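In this document, chain identifiers A, B, C and D correspond to the written order of the chains, with residue numbering beginning at 1 in each.
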Amino acid sequence: MNKITTKNIPVSQMPNGDTLSIKVIDIKGDNQGPSCYIQASMHGAEHQGNALIYHILDYAESHDIQGSLRIIPQANPLAINTKTGNYTQGRFNPNTGHNWNRLYSNYTDNHPSLRTFAKNNINASDESIKNSYKKLLLELLEKEKELKSSYGKNQNKHHNLILQSLAANFDIVLDLHTAGKAARYLYAAEYLSSRCEELNFVHNIIIKNIFNGAMDEAAFMPWVNLKTEFKKLDKDYEIPFESYTLELGSEEMISLEEGKKDSHKVLEYLYKKGIIRESGFQEPLKKQYKCQTEDFKSYYAPNGGLYEYYAKPGEFIKKGESLAISLQLSNYGSKRQVIEEVKAKKDCIIINHCTSSSVIEGSEIYQVMENYYT
Amino acid sequence: MNKITTKNIPVSQMPNGDTLSIKVIDIKGDNQGPSCYIQASMHGAEHQGNALIYHILDYAESHDIQGSLRIIPQANPLAINTKTGNYTQGRFNPNTGHNWNRLYSNYTDNHPSLRTFAKNNINASDESIKNSYKKLLLELLEKEKELKSSYGKNQNKHHNLILQSLAANFDIVLDLHTAGKAARYLYAAEYLSSRCEELNFVHNIIIKNIFNGAMDEAAFMPWVNLKTEFKKLDKDYEIPFESYTLELGSEEMISLEEGKKDSHKVLEYLYKKGIIRESGFQEPLKKQYKCQTEDFKSYYAPNGGLYEYYAKPGEFIKKGESLAISLQLSNYGSKRQVIEEVKAKKDCIIINHCTSSSVIEGSEIYQVMENYYT
Amino acid sequence: MNKITTKNIPVSQMPNGDTLSIKVIDIKGDNQGPSCYIQASMHGAEHQGNALIYHILDYAESHDIQGSLRIIPQANPLAINTKTGNYTQGRFNPNTGHNWNRLYSNYTDNHPSLRTFAKNNINASDESIKNSYKKLLLELLEKEKELKSSYGKNQNKHHNLILQSLAANFDIVLDLHTAGKAARYLYAAEYLSSRCEELNFVHNIIIKNIFNGAMDEAAFMPWVNLKTEFKKLDKDYEIPFESYTLELGSEEMISLEEGKKDSHKVLEYLYKKGIIRESGFQEPLKKQYKCQTEDFKSYYAPNGGLYEYYAKPGEFIKKGESLAISLQLSNYGSKRQVIEEVKAKKDCIIINHCTSSSVIEGSEIYQVMENYYT
Amino acid sequence: MNKITTKNIPVSQMPNGDTLSIKVIDIKGDNQGPSCYIQASMHGAEHQGNALIYHILDYAESHDIQGSLRIIPQANPLAINTKTGNYTQGRFNPNTGHNWNRLYSNYTDNHPSLRTFAKNNINASDESIKNSYKKLLLELLEKEKELKSSYGKNQNKHHNLILQSLAANFDIVLDLHTAGKAARYLYAAEYLSSRCEELNFVHNIIIKNIFNGAMDEAAFMPWVNLKTEFKKLDKDYEIPFESYTLELGSEEMISLEEGKKDSHKVLEYLYKKGIIRESGFQEPLKKQYKCQTEDFKSYYAPNGGLYEYYAKPGEFIKKGESLAISLQLSNYGSKRQVIEEVKAKKDCIIINHCTSSSVIEGSEIYQVMENYYT
């Protein structure tokens, strides 16, 4: 049967002396197979990944897996514990404002070791390349950590490096997030734009194979960079590694029932990857919609006021249809309108809207997919 | 037809020099009648009152009223504008922590003028008492404002005194609030425990005739105190004044459609009071539930974790049934349970639950009515 | 030699599963003597108490004490760890807005056990009364904790009850705080208005013998209430217990050097109480100033703007002299003044001013002692 | 005499309906001359620029200038007005976490108009180039604003574009900031590394001629890009434009007296630029220290605790000397040290330290200049 081990990694000593820690759960099957790393709650208000993980753990307790899983349910204790009012202000570091999911390291960028590695492994088998490259990544990460900590460890950056190290040895990285009031959707790199269908999301945003600081990018960039180095040597290399950001609906809530459905997406995917043996958790979707990053558009509030969000996550909206209205009773009795309407500029699918009705002029109120295709 | 006038009252100059202001909308009918004061958004995240007011204004534009309405849609600009992350931290002053609805003044408490007034008016008609007492209240409020501002005006207390002055001349005061994730419910003073049924709320919390700092109490206490003074002179005086706190569901959202239903409660009430002529907005409810303040109970989180709130606002829950579970994956692989259940200690009606799943041990997670009666 | 033991008391499990804890340091001398409880950092931004405690611990490691000391350097981990921007928002619960030092329990208020105790101990010796009353207090606190936790433990109130229990068995309670930008000063109860001179503070605010929710009051109220019960039985009882709030200057900073001077105040006091044997840490002050709570006045900002605080903590200011100016460049070119002056209404000693120059109209900018006497 | 005009530009409608605005003060001399734009308080807690501006305005009221000054004392009302506790959380957008001084637009980056402009103006006089290029910049900014607002105006980005437009027509841009607890220092671009001495700062950080989102960079990048385009056409072009970030000491305070000294730096500089006629405000400094950005180093807290910052802004510290100690009394009685020392890794000048003693492990505690030169 599977061997399940857990450990706690201390990450941040607080001013009062207590130290926050990360729980790491490792599940190893008796047989060889691919390895998958799953983390959740990097943003502190995004809890639903924990409901998904609960069901994955439940499954792994009673079913043999091949290969291994590493699961980190609460990747960012400091963010998870930061409350203001009743809500969790977990999107950015309350100290610095840095988005918690934008400070990962692009440690292989232009690194000379990659060129050397490519040269030395030009004729190696894919399996051998994968395995020795992972070792290189772990080494480079250790050096990066040392380099970056000579004047003390920057809390934010070091934390991200710890997570990168924990994930570096894996074939698959799944980073579980949520948006505000949102549909479920997936971020996939361009090189995974077909393969991503295996994860069975209705909505898929295809991002460039470049680095903007997030975990999925931080995980795939070393492989993109390796492919580039091989290309320079005229070798076509297919990246064996996959990483995705899974957006599991709305923030600030969990639902175990929804989490079961969410886990089925992942279990079906793990089956396709050969990590689990059972299948049939989910019917394949009839339609999956994709769009490019630049077609994942934001609407901004044309005025300050109280917004009612008519267009709901997942809905198809036609150009000119109403997205929301704003109510501004301080305009009563003046020439300005008490109610203003915000209309769709183009046909779109609603993905996310703001979590609060009270909105400052210019705040982001909607995120939508335009120019989507199947 | 009705005469509708509006004015802006400046209330707080901000550090950058701009001044926030309150909009006051006055509606006077051609004929005499009672007067009703309605304010909303004293807590910054509690928006639904604005949706109710929108429909009241709509009604008043096309229907004659008798008497007058004064409407303040956004009673607390500083609270409304205070955002953290996407949410509105509008429950307490971000500077001091003071709950915005607990710093009203109990300016008639033990005030010698009341005794004198009672003596002088012992034989006056009820109408005469009401009218001359309102004049006294306005005078006392002006004195209170002067007294309290000799070293500068405390932002919080002065703001509340402004609102008290704006409301002092009215026969009815309705303060529109919401709770977190909540049913609609009403706070009514003991002396209004029968009359409150006119407002047609399913759930009604009966509070003592005493002062805890809130607007409804601040509005009725002068009348309770007058009754006490008359009592000392052996006169039984029935308080002609009514004030209520209306809780209009959940915070951080507005719904014009729900607001229409909410406005029907108030319009039907205004009909019963003689301020409007039409009725039939709402069927009387078959059942209205009441409980005493001390039976409006809070549950606190037995541990830190991610809570799924099973029991929903408005539900009747039996002793021993599940309210919520907490998920704590850091317990995985330890002796502690990953899932803990919170059960009802007694039969209850769910009124409100916490707006976030991520909860620190000891946070308030539920508010319920116990020992309720019809 | 002294026996020093330490323990950690877990107090709040955070959403991520880690639990914050309180460190308790107990120091017992070989010989009998009075007992003193010292806590610091109940408000999270008030650190200087830790510097004082550092030197007390240093002293206790090399000098015999008589009786015992209990020291809790960081009484409120949740408050200490709550950062916004670079600052510590530790004055009130970020969840509820409740001032952390206003939710202690007045558990002996009107409690029938006190009457019984007074009757039963009317002829007992002072020593016997003190000892058996402390036992009663511990029992009542345990009952209070049980009673208050039947629906889960309210984080805030339960935390305060834990601290009250830890302090209940002691003869002296010192609660170490700081203000914003402040002089050092002391809060002492009326019944201690002479005895408080032993603590050697230049500035002393004499508070009523009543309960407003703070630790010093929570600690002395059971003794005030006992005195009242004895009084009803015609027994004059001198309260053997003392509790004080020590304000150690400005928040958000520590200074070990200043902390050494601060510790000398406490060591000299402990000498006078018979807990330590050495004296001469400090010369007695030539002048100590006192005023009543109602003469501890606040000034509020007459307008929003940038304030320069001319009058510094500890200064004597005459009526009409300048306290501060506000700079408001948005008034430039208008009829309003760019610079406004705030003048003293009466002669006063400056105790505290606001920590930021940017101020909303009506914010508290100064706290001063008026009608002070020596 | 000078002509002084003022206007208010509305920038953000708040949820309650009030609109925050920016005050623009324009001062035009009778005679031609260069133009200088000065803004302050882009970060909300950085007030001292207003004290400097106060004295510049005072000067301009009684002394003829040549050319013009535009002054925006409070560039970011939303940031200035955002208070938490007593402090101003004005470093980043409380809604999104974005640093207010990192979202300016690099609107000329790779823009084809620049190539065309360079070709068309290859033989034009420097004066003509400067004037017609400024016109081009204003046009490009208008297009950028239009382009970026098709789905509504992103509050943050649009605000920055407004400021860029207000500054685009000027020869000099001075952006007034402060750091935490800091010395006065200057950020200057590489191409200004000699000229910057005219501003008479002791401490000067030389940044690359590249864009990282800040105002000074946003202002000089169009000129750097123009120079690059001319270079491609083999024309050596000396940039006539200058922009700097002036760091005026510590945040959250103003001092008019210090502001007078600060204004003397700027007045002397304006004299050197030919905008004012008087000189002699300041003696030239004997020594000015410079270092490259990569030598402007940060130290991070090695552990959580209470820090006392021994090394003060402006001090020269030798390698191995003490910067700070941390006090952690929760270590008392354990193997871990109660006091830890943070030592300098290299010789350095202290520029800035953290504003709070209570620090989470990994927080930035010091910023220092290394490898400085004169």
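Here is the rule we use: a residue touches a chain if its C-beta (ideal position, glycine included) is under 8 Å from a C-beta of that chain, and two chains touch if they have at least 3 such contacts.
Computed from a prediction, not measured in an experiment: that's the story for all the values here.
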{"item": "Pair exhibiting more inter-chain C-beta contacts, A-C or B-C", "value": "B-C"}
{"item": "Candidate from A-D, C-D or B-D with the same interface as A-B, over half of contact pairs in common", "value": "C-D"}
{"item": "Chain centre separation in whole Å, for subunit C relative to subunit B (CA means)", "value": "35"}
{"item": "Between subunit D and subunit C, distance of the C-alpha-averaged centres to the nearest whole Å", "value": "42"}
{"item": "Averaged-CA centre spacing for the pair subunit C and subunit A, given as whole angstrom", "value": "47"}
{"item": "Subunit B residues counted as touching two or more neighbouring chains", "value": "14-19, 23, 74, 80-81, 83-86, 88, 91, 95, 306, 329-330, 358, 360, 363"}
{"item": "Interfacial residue positions of subunit D with respect to subunit C in the complex", "value": "4-6, 8, 23, 25, 44-45, 47, 50-51, 53-54, 57, 73-74, 80-81, 83-89, 91, 180, 252-256, 306-308, 325, 327, 329-330, 332-334, 338-339, 354-358, 360, 363"}
{"item": "Touching residues (chain side subunit C, partner subunit A) in the complex", "value": "14-21, 23, 41, 74, 77, 80-81, 83-86, 88, 94-95"}
{"item": "Subunit B contact footprint on subunit C (complex, rising order)", "value": "12-19, 78, 91-93, 95-99, 149-156, 158-159, 297-306, 328-331, 342, 345, 358-365"}
